[in-house]
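Notes follow once the structure below has been shown.
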Amino acid sequence: MRRAIYPGSFDPPTLGHLDVIERAARLFDELVVAIGVNTDKAPFLPADDRLALLKECTSTLDNVKVTTFQGLLVDYARSVECGVLVRGLRAVSDFEYEFRVAMANRKLDPSIETVFLITRDEYSFLSSTVVREVARLGGDPSGFVPEPVARFIVGRRG
Amino acid sequence: MRRAIYPGSFDPPTLGHLDVIERAARLFDELVVAIGVNTDKAPFLPADDRLALLKECTSTLDNVKVTTFQGLLVDYARSVECGVLVRGLRAVSDFEYEFRVAMANRKLDPSIETVFLITRDEYSFLSSTVVREVARLGGDPSGFVPEPVARFIVGRRG
Amino acid sequence: MRRAIYPGSFDPPTLGHLDVIERAARLFDELVVAIGVNTDKAPFLPADDRLALLKECTSTLDNVKVTTFQGLLVDYARSVECGVLVRGLRAVSDFEYEFRVAMANRKLDPSIETVFLITRDEYSFLSSTVVREVARLGGDPSGFVPEPVARFIVGRRG
Amino acid sequence: MRRAIYPGSFDPPTLGHLDVIERAARLFDELVVAIGVNTDKAPFLPADDRLALLKECTSTLDNVKVTTFQGLLVDYARSVECGVLVRGLRAVSDFEYEFRVAMANRKLDPSIETVFLITRDEYSFLSSTVVREVARLGGDPSGFVPEPVARFIVGRRG
Amino acid sequence: MRRAIYPGSFDPPTLGHLDVIERAARLFDELVVAIGVNTDKAPFLPADDRLALLKECTSTLDNVKVTTFQGLLVDYARSVECGVLVRGLRAVSDFEYEFRVAMANRKLDPSIETVFLITRDEYSFLSSTVVREVARLGGDPSGFVPEPVARFIVGRRG
Amino acid sequence: MRRAIYPGSFDPPTLGHLDVIERAARLFDELVVAIGVNTDKAPFLPADDRLALLKECTSTLDNVKVTTFQGLLVDYARSVECGVLVRGLRAVSDFEYEFRVAMANRKLDPSIETVFLITRDEYSFLSSTVVREVARLGGDPSGFVPEPVARFIVGRRG
C-alpha cells in the first residue's frame, strides 16, 4: 500500500493546504496529514485546534488521517514506516526553502523521498503567514481558509 | 483625477523610496504616501518621525501627500476611495514577496490594482533593513537615505 | 491626458495580454497597443492578422488603439510623444527578462517609465510560446487565447 | 494500480534522468518513460537510438517501460489512461519552465497531476543541453550520462 | 601579498563553510576567517566556542587565520588593510541576500571587492539555520558540520 | 603568480565586460581574457574584430592579455596551466546559467575554480544580447559598449 505524509505547521490550515490534501489523497492509498508541534514558538492557533479543524475539513476524504508529531520529521516518518513526504509548491512560493528542507531531510535519511504537487493557481499567493497577517489586522480570512477555519478565527475575536 | 497610494513602513525612508515617490508623482495626478502603522512591533523610527521626515523629503513635490494608516491596506484604500497602489521593484528585490502581497490585496478587494515601478539601478540593493543594520553597527547611513533622514538617525545617537 | 503604450509581439495575442489591456485601459486615459514588427523572424501569425485580431478583441474598449511599429521601442514611444510603457508580470514569468528590457529602455531614454501590472493568477503560466507549442502539436488553443484568435488559429489548419 | 508517465525529450538521456526514473519506479507500480518525438527539430540523437539506449539503461527496473509519443503530452496520457506525470526538479533548474508546462498541461486537462521529484544534488547542474554542448566541443560526456549513452556518443564521432 | 577576509557568523560552522575556506585558501596567500560578533542577538554557540572550533577545523591550513570582529564589516576590513571579501554561493542559496550585502558593502566602501565561490554541490542545501533547527529538534548534526563541531553540539546536550 | 582566465564570447564586448576585466585585473597578477570561438554559429562580430577591440579596450591594463580559444574551456585552461576562471554576476543576470556552467566545468575538471565578481549596478541589465538587439534595430549602442566598440558597430552600418 502506498502511503504518504503531508507535514506542515498548518497554522492555520489554508485553502492551499486543502488543495494539496485533495490532490495527494487521489495519488496515494493513504495520506497522513502530520501537524508539526513546535513547543518553542507561540502558535497562532493551538495544536489541538489545528488538529480538530483539519479533521473537520478532511472528514469526507476517507483515506486521509490527521495527527500531530514532535521532533524531527524524518524520525516521525521512520516511526510510522512511511518514506514519502508530500509538499505543495506555489507558483509564487519560497521554492528555495522547500528545496533546502527536502535536501536536508534526504541527507538525514536517504530513503526519504519528497514529492511536490502544484497548488491551484488561484492559491499561488496563499500562505499561513498571509492569513495570520490579514487576521491580525482585522480582515476577513474567508477567501483564504476553509469555512470551518474562517469561522474559528473570526469567533476567537469575540 | 488619477490618484494612487504608495504604501509602506518607510522605517526609515530610503533613497529608493524617494525615487519611487518622484516617479509615481509624475505618473499620477495625486500620490498619497501612506505609512502603515503597526502597533505590534517596536519600530526603528516612531511613526510621527517617519511622517515628519517624509513630509520634509517630499515638500517640493506639490501633488504628494503623506499620511499614516492602521489596519488592512485595502480597507484604507477603500476609505480614501483610491484603487491604485504603487510599489517599487528593485532588481535585487524580494519580487515574490511583492507579488504575494499584491495578489492577497487583489483577493481581498478585486478592484484594487497594484502598479510596479522600477527603482534606479544604483538603489537596487537598498532596503530599510540594510539601513537599520548599518545604523545599528554605527555606520554612516548617508549614502542610503535622504539627507534629513541621515541627519535624524545620526542625531539620535549622540 | 495620461497615455500609455502596451508594446509586444502578441504572436499570438493571449488571454493574458487581454487581461493586461483591460487593466491598463482603466488606469490610463488612452492606451496604445503597439505590435512590434520584426522583419527578421518568421512570425507565427502575420503582423496584419495580429493587428486585425487585437482590434477585434479590444473593440469594446473605447480608449484602446491598436497599431504596429518597427525599430526601437523607445524611438516609437518618442515619435508618438508617450513616455509610459505598460508590461504584464506573470507570477511564473521571466521577471528578469522584463527587468532587463525595462532597464535597457530607461538607459536608451531616461524619460521612459515602465509600469508593471500583474495578470490574473489563472493566466500566470500563459505565454505566446505556450500557445504556439500547443497549436503546433494540434492541441486546442481555446483555453489560452481570446475566442477570435482561437477561431483564426484553428481555421488556418484547414 | 498506480501508474505514472515520465515524459521528456531525453536527447540524450542523462544521469539525472536515470536518477528520476529510479526514484519514480519506487513510488509507482508502473512507470512509462515516454520520449516525445518532435518531427520539426533535428535531434542530437535519433528517436530510435534514444529509445534503445533508455531501454538498455532501465533493463534492470522491472516496472519501467520505455516508449515514444507524438503530439500533445496530455493527449498521449489520456490515450494510455494515465493521469500522473513525473518530472525532475534540479536545484539549479529552470523551475519556472517546469511550472509553466505543468500548469499548461493542467489547463489542457484538469485531471492531469504533475508530480515533481528532486534529483540527486550532484546532478543539479546537469541537463541534456550541457551534454550536447560538451559533446559538440569534443569533451568526454562520461560524467554526465549513463555508460551506454557515453559509449554511443563517443562511438558516433568515429 | 594577496589577502582576503571570509566573514560570517559561523553559528555554527558547517561543512559548507569549511569547503569555502579550503577553496579560498588555495586562491589567496592569506585568508582571514572573521567571525562577526553581534552583541544584540543570543547566539547558538558563544563567539569564543566558534573561534576555538574554527581554529581546530582549520589547523592544517597554514595560511588561514581565525579571528572575531565587531561593528561594520567594511570598517574591520579597512582596519586590517584588506579589500577582498570571500563569500560562498550555494546552488539553493539566498543569492539575492548575498548580492544585496555585497552591494551595500561596495556602497559603504567602493574599494571593497566581494568574490564569490561555489560550494560543493552536496552542501548546496546547507546553512547554519538548518543545523540549528536539526540540533534543536534533537537530530544528529554530523552530516552537516565538521566532526569537532558535531562533537561539541552533541556534548552540550549533556 | 596568481593568474586567472576571463572566458566569454564577448560578442560584442560590453561596458559590463570591461568592468569585470578591471576588477579582476586588480585581484590577480595576470588576467587572460579568452574569447571562445565557436565555429558553428555565425557571430555578430567576427572573432578577429572582437580580439582587436578587446586589445584596444584593455591596452592601458598592463597585466591583461587577450586571446582566443576553441573547444572546451577546461581543456584550454589546462593547456595554459591556469585553474581559476572569472565570471561577472549581474544583479539581474542569469545566475542559474552561470551556476550550471561553473558546476559542469568543475565536473569536467575538479581542480578548476570559478570566481564570481559583481558588475557595477548601472550595468546590471547589460548583456551582449541586449547590445545586438539594439544594434539590429538601428539604435545607438554607445551607452552599452566601450567607445571603440560603439564606433566599430556604427561604422559597419555604412
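Chains: A, B, C, D, E and F, in written order; residue numbering restarts at 1 for each.
Operating definition for what follows: contacts are C-beta pairs under 8 Å (C-beta built on N, C-alpha and C of every residue); 3 or more make two chains touch, one makes a residue touch a chain.
Here the structure is a predicted model, which means the values were calculated and not measured.
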{"item": "Labels of chains that are neighbours to chain B and to chain D", "value": "A, C, E, F"}
{"item": "Relative to chain F, chain with the most remote C-alpha centre", "value": "A"}
{"item": "Euclidean distance of C-alpha centroids - chain B vs chain E, Å", "value": "34"}
{"item": "Centroid spacing, where centroids are CA-atom means, of chain B and chain F in whole angstrom", "value": "38"}
{"item": "Centroid distance [mean C-alpha coordinates] between chain F and chain A, Å", "value": "47"}
{"item": "Per-residue multi-chain contacts in chain E, two or more chains", "value": "91-92, 99, 102-103, 121, 124-125"}
{"item": "Every chain pair meeting the contact rule", "value": "A-B, A-C, A-D, A-E, B-C, B-E, B-F, C-D, C-F, D-E, D-F, E-F"}
{"item": "Touching residues (chain side chain F, partner chain B) in the complex", "value": "91-92, 121-122, 124-125"}
{"item": "Chain F contact footprint on chain D (complex, rising order)", "value": "92-94, 124-127, 130, 134, 136-140, 143-144"}
{"item": "Of all residues in chain F, those that touch chain E in their complex", "value": "2, 23, 26-27, 84, 89, 91, 95, 99, 102-103, 106, 113-118, 121"}
{"item": "Interfacial residue positions of chain E with respect to chain B in the complex", "value": "40, 71-72, 74-75, 96, 99-100, 102-104, 107-108"}
